[in-house]
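See below for the structure under consideration.
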């Protein structure tokens, strides 16, 4: 009898002493994500949500964005920058530079190779049993009359990512669609920037809030 | 008395002998128009319409298309290739290469300069009291889900032409809009070519018929 | 006898009262020439040379450079910006943007069209009996080991201008060759800028002096 | 005594029966190497050299070229296409598309990333104790007056590879320099193709012979 009680007490102690394993999320991307880790950035705002709910012991969020990155840059550095961190969830947010750099420096990514590298990244993550969330690239220009120079191409790469998500049954944060919907509602003057971005691409305050909210919804849905 | 009768007879003869001045239309453009002047091309089909109606004495249609032309090429050669022909109407059908060559050879046309040269051509024609019909560039790819690589840019240049037409109160054949409407109806498989084009850009049989019909409507409406 | 003397006196008076017609030179080009008309720019320095020699009554120098201009922009604006000024000499200094914009915005100029517009400008000037001086575009990057990204293309366009000069027996200021020679001597560290340019393209103080000296030699040689 | 003799005999038999391990060379590259493995291609010609010398038991040559490949494509497929073959030597022959695609499709490779992926490939090979031979990309256009459009950029990427070779003390087949030297001697008409290439890039018969000879020299020198 005494033994049983002791055993129960001991097990209670054990459980309560077991360090909670936080769920670690790595946000893997380009300059948008690099800025997202800064003060007021979308990752910082997700941390604030976590703090406000008092669930800091459940979650750890980590930024892994580097400016100018394209899909193959992520593939090259995923061992050192993602896998070594042992994440539970990786959010892949890439594609703007793969399209943009075609016209700005002649160094974009062919669509077939974009798909190939994207799939290679997912495969490596899944081999480690890491959950994967995909995002479509949001905008290069916020005009709503479909006259942003690279709208067609950006739609194409977003379509590739949507298709990859469907084929692999992965959660998708369709930022391209969500930004378009938002702009249709709030960008009645057809401006090319200033609604959710500062410069047609990078997020302003509103944009960071918007992305943080969408990302947080996705993260909770897959946990 | 005899003199008066003779005078009347003479004037009747004169009138009846006055050669009807045909209305001369020059189609001014790029390879699409160059092919349009060939057998089965859209200009050839307009000629057939004229013949079928037996109004060959009213109309003369002339092709002035050269492959690879952009707006500034039209400006450079308009004296020799258009003005010397003394046309009554000039149909300007340009813009595909101004957009396309940005990605195929790095030699497209900046939008502000596209507008400037386009206006310079119109001004020169109007100084000669020549009627002007404008056309928007139709397609670079016929996909209907807005993923043709240059859809955004082509929309932008089409918007520039629409704006020029409005400002100058000129007749516009909005081929971009009409091709899109047609493809939405008849391209349910979202093919990138083969509906109205052979190769995403140049007109197939159906495309030539379609353009001929639209052009003919425009021509009749301004006469 | 008295009459003859009077006639001689009169003619002497006439000649001395005839206002000297200054030789007017228009420098026709892009941003390099636009900056050249500013304080310390190459056109300003040519004016200083003229002042120092006290020959202000013989020469008038006028800048007609606009940033971003390519060869076809010169053709479009030559009536309003050059011919209305009734110049005696026009110095054409164009070509950098025709090459550069291929990689920076996809809106460079095809070589065959570059040649065509260049010849059209010369023809219009010669029809007015205006003397023409040609210049090759100097540099996009000052490295001397032939690794500036667009060296090959810039060499090609410079070769086109040299060929036009030969064919038309026109004076050529071969800035491309002269800049290369200068850099081989003074750019031993193989820097990409800072020798004759501030930013790989636009002239620094030394560059403006260098161009002013070469231009002035050319101008004197054709007068 | 009998035992010792038997042991000696046995060991002699063993040694003589040990299969010679052939030195396996994988040629790792793009379409030039893909074609090189075909009849009359440079890899085929190296095999012929080996056969002629009767040293088929010493060498095994394997082609691993895929059309359109850039440096990051090699990195992505090196596990499956190279490492699984357990080569002793890998010849890396890449770089033309990294430069060429900048102007043909806007999908070239930035120089800093070219270097990064190149080094990553070498590192992976050296970790397996595989010998590495580097090659500079030969030509995009064979003109000898330095007016091939991408000469400057190709020189830059060749310089990057030379620098990597020096830093890692690796054998370099400097095809860029060797092709230039050959063309200076045999391309007196300044043709852009037809000397060592069929189309400015891919090797003709003479080109394949030339590359085979240079590669063979390199291979023998490092064995």
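Read from first to last, the chains carry the letters A, B, C and D; within each, the first residue is number 1.
Basically, a contact is a pair of C-beta atoms (placed from the backbone, for glycine too) under 8 Å apart; a residue touches a chain by one contact, two chains touch by 3 or more.
All figures in this text were calculated on a predicted structure; none of them were measured in a lab.
Common partners of chain B and chain C, by the touch rule above, are A, D. Interface comparison, A-C against A-D: more C-beta pairs in contact at A-D.
Same-residue interface: chain C and chain D share over half of the residue numbers found at their contact. In whole angstrom, the spacing between the mean C-alpha positions of chain A and chain C is 53. With centres defined as mean CA coordinates, chain D is found 48 Å away from chain C. Chain D has its Cα centroid 39 Å from the Cα centroid of chain A. Touching of two or more other chains is recorded for residues 102-103, 105-106 of chain B.
If touching chains are joined by edges, the resulting network of the protein chains shown connects every chain directly with every other.
Looking at the complex, you find that chain C touches chain D at residues 102-103, 106, 141, 145-156, 159. Chain contact summary for the complex, chain A toward chain D: residues 68, 72-73, 75-76, 101-103, 105-110, 113, 116-117, 120.
The touching residues of chain D, when paired with chain B in their complex, are 103-106.
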